[in-house]
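What follows is chain A paired twice: with chain B in the first complex and chain C in the second.
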Partner chain A sequence: MSAAGPSQGANHAPSGGVGAHSSATAGAPILTVENLVTEFRTGGGWHPAVRNVSFAVQHNETLAIVGESGCGKSVTALSIMGLLPPANGRIAGGHIGFAELDLVTLDEEEMRRIRGDRISMIFQEPMTSLNPVLTVGFQVAEALRYHRDMGRREADAAALELLDQVKIPSARARFADYPHQFSGGMRQRVMIAMALACRPELLLADEPTTALDVTIQAEVLALLAELKTAYGMAMIFITHNLGVVASIADRVAAMYAGEIVETAPVDDLFAHPTHPYTELLLRSIPRVDRDMGGLTTIAGQVPAISAMPWGCRFAPRCPFREPVCTSRDPVLVPLPDAPDHQVRCWLRAPPAEGGHA
Partner chain B sequence: MNEGTTLTPAAPRASSYVLQQVVRAFSANATSWVGLVTFLFVVALALLAPLISPYDPLEQDILARLQGPSAAHWFGTDSFGRDILSRLLWGARLSLVISTVSILAAMLIGGIIGIVSGYVGGRFDMVVMQAMDVLLSFPSLIMGLMVVAMLGASMGNLMIAIALTAIAPFARIARAPTILVKERDYIEACRALGYSDLRIMTIHILPNIVAEILVMGSLWLATAIRIEASLSFIGLGVRPPTPTWGGMIREGFENILDSASLSIFPSLAILLVVFSLNMLGDGLRDAIDPKLRGGER
Partner chain C sequence: MPDSVLTVTGLRKFFTVKRGFPRVRTVTVRALDGISFHVRDGEAFGLVGESGCGKSTAGRAGLRLVEPDGGEIVFKGENVVTASKARMRELRRKLQIIFQDPYASLNPRRRIGKALIEPMRVHGVAGQAECEERARALLAEVGLPDNAMLRFPHEFSGGQRQRIGIARALTLEPELLVADEPVSALDVSIQAQILLLLQRLQERRKLAFIFISHDLGVVRYFCQRMAVMYLGRIVETGPIPAIFQEPLHPYTKMLRDASPVPDPRYKVVTLRIEGEVPSAVNPPSGCHFHPRCPHVMPVCRDVYPEWRQVDGERGVACHLHNR
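So, the complex of A and B:
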């Protein structure tokens, strides 16, 4: 399977920025993140918020990144977008291969041409992500006028079509409305229309449904899934909501404290969560079909990036902790019976004999 | 939906929202209407000066000097027998042009400095704002004296002097909301859409803060008229015999014991315009601030 991606991708993907594969080749991932390290400056020193993260996303595939707040999901997305705060954030290592490019090596001007055109992003807060003084139609058309050099008329027509596609009722009548005249769900649809205006090859959705109420969530998720298939684009869906993951993702990467601790096809992950963190995460979802004896919680919280524990970063909160966990860093290794399913844990997925350092 | 049908021009213009807000703010506050109508009345008089002024403002009639108000000269005549009403009307043109041009220039330059400084932030912002503070520390009369001493007294230099005093306040008034707005999610969304900094500043930030700059502008227009009058009064403005309000007060001052109307009428004219602009600006500000802030979410 091509999805064995991360470690395999490391072999032929760009070290100097010239990728060997073209984006059109079936099976070649559209995005290959390798050993990404993103650091932030806090209290005078640089500390990694994302450490050695590797994954790949295919065309027409949805990768969900799940984890608690502060585990590095959003930072990973911002690293791909090149939108880290310039003063106190930086990519300290690794590569982000996108189609034929290595995004890490591009300058701001080149990145700007890709953003909003070939890679788009949707944010969490639809209520504040639209400019209150510009009409909805203008904001959707703007992306097309900017990236596609369309004239006003042409862009407006295309924007209207987009608003129809994201199922804004009577889009024509609402074209000249201002954002405050729209509900949260409708605004998120507008955001989606803006992000998809230039038909991006990759869409980053950073908790796009978290701020919406549940019925609207389902509608927006269905819309995203439908548009993803229609456009054949790759999607990275960032969330802390495992219920959402189950309904939209093809593959899941669970992140903890800046590292991917487990990655697997979605069914596999839900059926056989292997890393203790993933397992506990799944167990802490409230279920209607079980007795509510009590909700499982994971004791403790994500360590601060300036005070990362040695060895396995989850060890201090892990109920199965053993001495090896706190002395050496575990590695992400495939499970023997499922190469697609990779886990970073000394106990549940011990590396093959002599295989790794 | 039918495809390719004609799209009703939706006029998605940045200004329309601001305009709506301004109109709404106006209707909410009667004093701003009074201010606006009074000011427009003065502007109309100034524009119509060539048509409605009864005499040539420079024409001397030495036999009719220092007269009080009469049917022939409504506001009386000055020491050269020139008609004060005509001089007031023509002087309004000059005073209004000088203050408007200088304030527009200050608005433009100060606005650009403020937005760029607030948007870029960091050390650049600090240096620029400290320079603005230095500029701000000069009283307008001292600034006027300095400019005129360096460049000479003329209409153009008067405008430069007034603009220089007003740049710093406009830079500050533009910077503060820029700093607020640039942290908003929709500006982050603009970056995610790959828009250039210039585009973000002009299309996405400017319409959000332009109302505040305009309100400030109406208040500063009044100040500019006062500065112009003050500088003309101490002889640093437009050269006589060209009529300006400040110059007229000074000329009248020399003969104040013979005919008080010489100074009183131009003073009243200044009072009227400054008062109307302050009413306009104050009303506008009171009405627009809570509305703009509250209406966004």
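So, the complex of A and C:
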């Protein structure tokens, strides 16, 4: 179970190749997730939906977590936010280091003070997160009144400025409008304004553009990238869309069946996808910019969390499978020529000298 | 057009909706404002556009699942719009549809076998035993095991349900399939499986498709020609890949350039922020696209551009190409 341990060191290493944004602020990461295990109760037993996930995010860095439904990407975000359903979800192990804190050890009262202040989250469908009977201005100002003890007038002025920053046209005129009077793209901007109200150090974005049309998606992605740089905040961007990953991420973690199977700087991951899952996934996307000779398919489907296979979890669907794959759990190992690029695969990234922690 | 299996001319569909509070007023949504296209034998024809552009209504009106308000639909020389009820029932055997979410279109209490056999019985295709035989063959054709016959929809994953939806659409051996966002709800790896399945069926059964999607990558992969819709009208048609390589309409170009590509070297171009996107309830004057168009000219604000055929295969409605 300590499998992911050795990899941690490499994540911490000053990541020179992280991309355009690392430079000045690269130092201690703002968020360090170590061996996170999050379990859900189904059919009377607890099963891990996220298993031994470790990663770190720097200030002013965007980490994209990409994977298909049920891979654990959203559960990872909910674990960080402390928003797991209390009745049937729990963090069963690991640490979530945020600045000087370990979020796993905080109680609900302490978490509430951090949420919306130092860590914020935006979701796929803004309409379900906005209160339909309150004006958008009131809702954006709310976090400032709660976390910053601002008065009504002061908070409203700050909220108006935020709505301007997320580029809502004629923000002053729309301050007292209700969420239903906005289109999907504009609602997502309102959500972003709410999330950024207290200038969080970390923003979790869970499929924020999935419900939007492509032209609106392009606008929202550009806005998020711009604000991330302006605020110098760290961003975890969760998506299933590898095209979106390519346009927004500095670094990528690909998840499959609750585990990170590959992580690398964005250019490296797309240029040299190394885990068979990542490689096949990239070849199964119909592309708008070129003719595909034929699509690659990945046979079968993601295993249920109550019926995970032995050894490598991707092995049953993997065309390169060998006996070792189904008998022992693979370890996330840095590639010899690119320590920033780590892969969990017996064949493509065998651990050095056989015996590994 | 002699080689066309389906020809749509000037198709119109207006919806009236009640809006507003406390004073309710009735507004007209011009979901289809006179669209024309044709689908050739064995061809996959793509209809693309963003939400609310009317592409789903076009697919449904093409099968008269929504009654069009005007225009003509000719299927193999026969006008579908004026067909009698009895005749329509026979035509439906040849015109079938698959939906984005097959779960919503399958009866949760009915076993898959029954769902497949029922349409064949209703249309009197064959006796019970032969229908069962055919249902099994269909399941095999879409890659599902024999025992699926006795199972219920909830026992299947999203990809498998879409296979069931496809099998059911094939029960009556249609010649034209309307596929309305058939892979949009699926994960990438499953999406590829279903696209390959549809492609195999198209080849083996010489099926024609109207393939409706918001995903330009999927359309580029699956279709031979496509039409781009914007607020109830077709703004450009053309063969693939030419329409991707050199889009004539600024909207086609905008859609293409905004579609994310899984390659960090081609970052999506940043578009200017434009505020609320107009809707079909109250489309802008002149060319509907003019408020968002980077090449807008004075004439665009007043006059809707005429349709112009460019070298036979391609067509566009844009003042830039009307000189």
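Keep this in mind: the second predicted complex is superposed on the first by the 322 of 357 C-alpha atoms of A that agree within 3 Å, B and C clash if a C-alpha of one lies under 4 Å from a C-alpha of the other, contacts with A are read in each partner's own complex, and residues count from 1 in each chain.
We take it that contacts are C-beta pairs under 8 Å (C-beta built on N, C-alpha and C of every residue); 3 or more make two chains touch, one makes a residue touch a chain.
Predicted model only: the values in this text are computed from it and were never measured.
Student: After the superposition on A, what does A:142 contact: first (chain B), second (chain C), both or neither?
Tutor: After superposing on A, A:142 lies in contact with chain B but is clear of chain C.
Student: With the two complexes superposed on chain A, say which partner A:240 touches: chain B (first), chain C (second), both, or neither.
Tutor: second
Student: Once the structures are superposed on A, label A:279 by its partner contacts, choosing first (chain B), second (chain C), both or neither.
Tutor: Neither chain B nor chain C is touched by A:279.
Student: After the superposition on A, what does A:301 contact: first (chain B), second (chain C), both or neither?
Tutor: Second partner only.
Student: Per the contact definition in the header, classify A:100: touching chain B only (first), chain C only (second), both, or neither.
Tutor: So A:100 meets neither chain B nor chain C here.
Student: Just chain B (first), just chain C (second), both, or neither: which does A:169 touch?
Tutor: Touch status of A:169: second partner only.
Student: Looking at A:194 after the superposition, I want to know if it touches chain B, chain C, both of them or none. Which is it: first, second, both, neither?
Tutor: Touch status of A:194: first partner only.
Student: Show which residues of chain C lie in contact with chain A when the two form their complex.
Tutor: 50-51, 157, 159, 187-193, 195-196, 214-218, 220-222, 241, 244, 254-271, 273-277
Student: Can you name the residues of chain B that touch chain A in the complex?
Tutor: Within the complex, chain B contacts chain A at residues 1, 3-4, 7-8, 10-14, 17-18, 122, 184-186, 188-196, 199, 203-204, 207-208, 295-297.
Student: Tell me, which parts of chain A touch chain B in their complex?
Tutor: Those residues of chain A that touch chain B are 81, 83, 87, 111-117, 120-121, 123, 125, 127-135, 137-138, 141-143, 146-147, 153, 156-157, 160-161, 164, 171-172, 175-176, 178, 180, 191, 194-195.
Student: In their complex, what parts of chain A are in touch with chain C?
Tutor: 68-69, 167-169, 182-183, 185-186, 213-219, 221-223, 240-247, 249, 266-267, 270, 280-282, 284-289, 291-292, 295-299, 301-302
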